[in-house]
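Once you scroll down, you'll see the structures, which are given as structure tokens.
Below are two complexes that have chain A in common, paired first with chain B and then with chain C.
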Partner chain A sequence: MQLQFEQVTHTYQAGSPFQSTAIRDVSLTLGSGELTALIGHTGSGKSTLAQHMNALLAPTSGRVLLDGKDINQKGVSKKETRQRIGLVFQYAETQLFEETVAKDVAFGPKNLGLSQAEIDARVKEALHRVGLPEEIAEKSPFELSGGQMRRAAIAGVIAMRPEMLVLDEPAAGLDPMGREDMLALVRSFHQAGTSIVMISHSMDDVARLAQRIIVMDQGQVALDGPAEEVFQDADQLNQMDLDVPQVCKLALRLREEGFDFPLCYRMEDAEKALTALLKGGKPHA
Partner chain B sequence: MSGIIEVQNVRYAYEEGGALAVNDVSFTVEEGEFTAILGRNGSGKSTLAKLLNGLYQPDSGTVLVRGMSTADETHIWDIRQTAGMVFQNPDNQLVATMVREDVAFGLENTGVATEEMPGRIESALRAVGMEAFMDRAPHLLSGGQKQRVAIAGILAMRPRIIIFDEATAMLDPAGRREVFDTVERLNREGITILWITHFMEEAARCRRIHVMDGGRIVLSGTPSEIFADAEALRDLRLDVPAMKQLADRLQAQGIPVSGDVLQVEDMVREVKRLAAAI
Partner chain C sequence: MLKNITLGQYYPAESVVHRLDPRVKIVLLIAFVAAVFLVPNLSGFVLIALYLALACKLSKLPVKLLIKSIKPLRFILIFTFILNLFFTGGTTELLNLGFAVLTKEGLLNAIRYSLRLVFLVLGSSLLTLTTQPVTLTDGLERLLSPLKVIHFPAHEMAMMMTIALRFIPTLLEEADKIMKAQSARGSDFETGRLLERVKAMVPLLVPLFVSAFRRAGDLAMAMEARCYHGGEGRTRLHVLKMQKNDWIAIGATAVLIVLVIVEGRIFSV
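Then we have the complex of A and B:
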């Protein structure tokens, strides 16, 4: 599947004294099984962009096309769009509301008009895919730990069997291993064939996970490319008030100090380069 | 010797007879220290924080803030004025329609003379670099700016201690940097800081670390002591800073990098030292 943005602009409260343009003239293509990170500082427009991905917001101008079809056109089912493209909000656990985890996860599939047997099968499968034990299904979501609650909320979206999953800061507020587990979960969805768009503030997470990085700044796409290319532009990222991965910071500092050091961003690459440098390689300092 | 905060054998459960959220915790915070508290989700960090400024009272044991017991109701306002607290969500902490009013809010409850207020508000906002925003609406500020205003509200009360409960968790990298730099500066000016966090890079910049698990303090030490044992931390669902991970990997390759490497500048120093020796 392909999701295409064609010169999309969104202005909040257009025509009022409070009007503000959150995204301007954005064109890009998402999907095709990619794992994409969407980054940008608060107010850069990335959440507005995300909400256009499954028709929660409609463009003020421009079009969003899902496999060539305008998702905001009359007669195009929003329900179907939202089944195919699942959106997981930040702190998604705050949206749990049912008496049991199973009922919460079943909420979406039920709205699709599936048979009870199919719904049950999907709930079971979704809980399994997010790594929650089956016994949890009959518990109240509010008895779960914070990390489990977030997984239950994600299961509700997974149960729709979306082709693309948009996650807004899925690891926010989790402890380091919880973060690790969440990233592994996102990777597992991707490996199972789901296209992923992950909004994240953590450059270290992005460096480890993403194939492609889209950087939003002031409502526009400032950078868009493979991770290794985007992190080459560390200066520009800093100017946009973003961070670079710790490894990338080290590489930049070592280059400043006069070392001939590659501009890497992955731990493995820094290890290799440092091993070469410090095990008899000629330093240029 | 007694510290500015003395916690002795404190136990606390949310329900009578229920699981202990804080279980037999004892520690001392010296005046002027910058202490991090780490621990997995649900380890008892936030509960402990709320016990430190009297939002909760211990079921048993004592919490002394500058010698005042949080169990003694006559001291409760003194304690809260001495030990201020900044929470995770900036949007839940700001109440007024103008930044200056927000900073004034706490003061109005403490009986500070009206003519003294404008001076206090201004100097508090200056201390967090937000004086230019005095007449702005708080809801139009960025997350980092909101947290700095929340800090100013505490500073106006002239506290000796500020407790931060994951105050940067909801901020973007620029906001986190902004807030952490502000807090480091306040500490240099003498304010005692307790910093609860999930970010190992932040903990590495503190002077002491306590690690909580299951309501107990299970590890205490300097950052280099705490981060020396990566395996132990991973068992506690924590981690070590990226530069420490890299140092451990290099050591495994037989490169004699110092075990004290926690931050980028530490690694730069080590690379220069080792390269010079080749």
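Then we have the complex of A and C:
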């Protein structure tokens, strides 16, 4: 599966005095099993970009192609696009509405017109995949804890079995434990073969998960590449009001002091390098 | 989807009319409406039109914007015109269509009532176009505060209106987001039969209400945390004070009413 952006521009309220261009001339290719992080400062156009991925917004100019087909063309089923590309909004728990968790998770599959047996099977599977115990299925979603509600909402999208999952700040507002669990969950979706696009503010989360990083700045793609490349550009990231991960900062600082330290961004790599350094490294003169 | 709804019709500009005391503007609107209904004959509407034109000129509003405010009323206008045209009665026959008779009285009445409606709407639009909703509720509160003597909750009313106005854009944004989130799960809000569309609203309305109640609770808590206890003994940040321009506006409107009455005595058409 391949999702391709061709010079996509989106202007809100075009032609009115309030018009503003949220994304400008974005060209990207996503999918094929990658775990991609989309980062950028508030208002850089991340969420607008995400909403173009499953045709919730149509570009003002440019095209979005799913396996070569323009998803905003007449005659292309929006439902099918939205089944193939699942979008989990920020604070997804606000979309829960049914009497029971199971019914809420079933909402998506039901809209796809699946048989009741298939729906039941998918609900069960989805709840299992997000790590919610089975007895929760018959509870009201409003009785759950915040973290559980978020999981239930994500299950509602997973139950549609998307080939690509776009998550807008999935860990926002969760406590440190919930955050860890959420990141583990995203990783597990990826390991199960789903392409992931994760929008995030947290560089540390991104550093731990992402293979590829797309940096948005003022509606445009500023950087796009493998994590290790993007994080080397600390200066440029700083200019866009973005930070590098804590591990990166440590590495950069050590290098500044003259230590022979690799430019790494993952905790594990840093740990290895640090151990080596402590065992016998000396600063270069 | 819902983003392009403009709330209220406030048109920001720097003008004397914009700066008038909201209390004065409300009272003047009432006086203007009274004048519109006092006009006994067609020539009197010239005075009303002149007054309105002057106010419009002073307010620096684009005339088009003001005229546009009549548009939603066009069917009522046509209906009023036709109804008065044929059902007024009268003796001076202008045209006999067989099934209906067109009289001079009917024609005059039709024009008069339509003009009244038009000026009524134009006058109120002028108020809402030049006054921010929150300022308007503020003025309304002050105007109604004498009624506190008979236990009318003027402050609470105004506070509720202000809060409601403040939260409409927030809730619209929220509705937009929930709508998109449900669309992402294959929900369809745009097509289908009436019953299906009504059913499709449930996944939107339930979360919207949940969030509205949550927000209301949070807001009440935040207000109490800052010692809000109703209107009693509360002072204001912006104290409304009558300025020279306010008195001039009142004077001008008084002149209008007098002229309308005098004019009615002199001319009969």
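The criterion applied here is as follows: the second predicted complex is superposed on the first by the 284 of 285 C-alpha atoms of A that agree within 3 Å, B and C clash if a C-alpha of one lies under 4 Å from a C-alpha of the other, contacts with A are read in each partner's own complex, and residues count from 1 in each chain.
Definition applied: contacts are C-beta pairs under 8 Å (C-beta built on N, C-alpha and C of every residue); 3 or more make two chains touch, one makes a residue touch a chain.
What you see is a predicted model, and the numbers here were worked out from it, not measured in a lab.
Student: Look at A:K279 in the shared chain and tell me whether it touches chain B only, chain C only, both, or neither; answer first, second, both or neither.
Tutor: The first partner, chain B, only.
Student: Taking the superposition on A as described, I'd like to know which of chain B and chain C A:G43 touches: first, second, both or neither.
Tutor: first
Student: Does chain B (first) or chain C (second) touch A:D204, or do both, or does neither?
Tutor: After superposition on chain A, A:D204 lies in contact with chain B alone.
Student: Would you sort A:D175 into first (chain B), second (chain C), both or neither based on which partner it touches?
Tutor: first
Student: Is the number of chain A residues in contact higher for chain B or for chain C?
Tutor: Touching more residues of chain A than the other partner does is B.
Student: Examine A:F142 and indicate which partner it touches, taking first as chain B and second as chain C; both and neither are also allowed.
Tutor: After superposing on A, A:F142 lies in contact with chain C but is clear of chain B.
Student: Of the residues on chain A, which ones does chain B touch that chain C also touches?
Tutor: Shared contact residues on chain A: none.
Student: Using the touch definition from the top, list the residues of chain A that touch chain C in their complex.
Tutor: 12-13, 16, 51, 54, 56, 78-79, 82-83, 86-87, 89, 92, 94-97, 107-108, 111-112, 142, 156-157, 160
Student: Give every residue of chain B touching chain A within the complex, in rising order.
Tutor: Contacts found on chain B: 39-42, 88, 142-143, 166, 169-175, 177, 198, 200-201, 234, 237-239, 241-243, 245-246, 249-250, 253-255, 264-265, 267-268, 271-272, 274-276, 278.
Student: Name, in rising order, each residue of chain A that touches chain B in their complex.
Tutor: Listed in rising order, the residues of chain A that touch chain B are 41-43, 145-147, 172-180, 201, 203-204, 241-243, 245-247, 249-250, 253-254, 257, 259, 267, 270-271, 274-275, 277-280, 283, 285.
Student: Which residues of chain C touch chain A once you look at their complex with the stated criterion?
Tutor: 3-4, 174, 177-178, 180-188, 202-203, 206-207, 210-211
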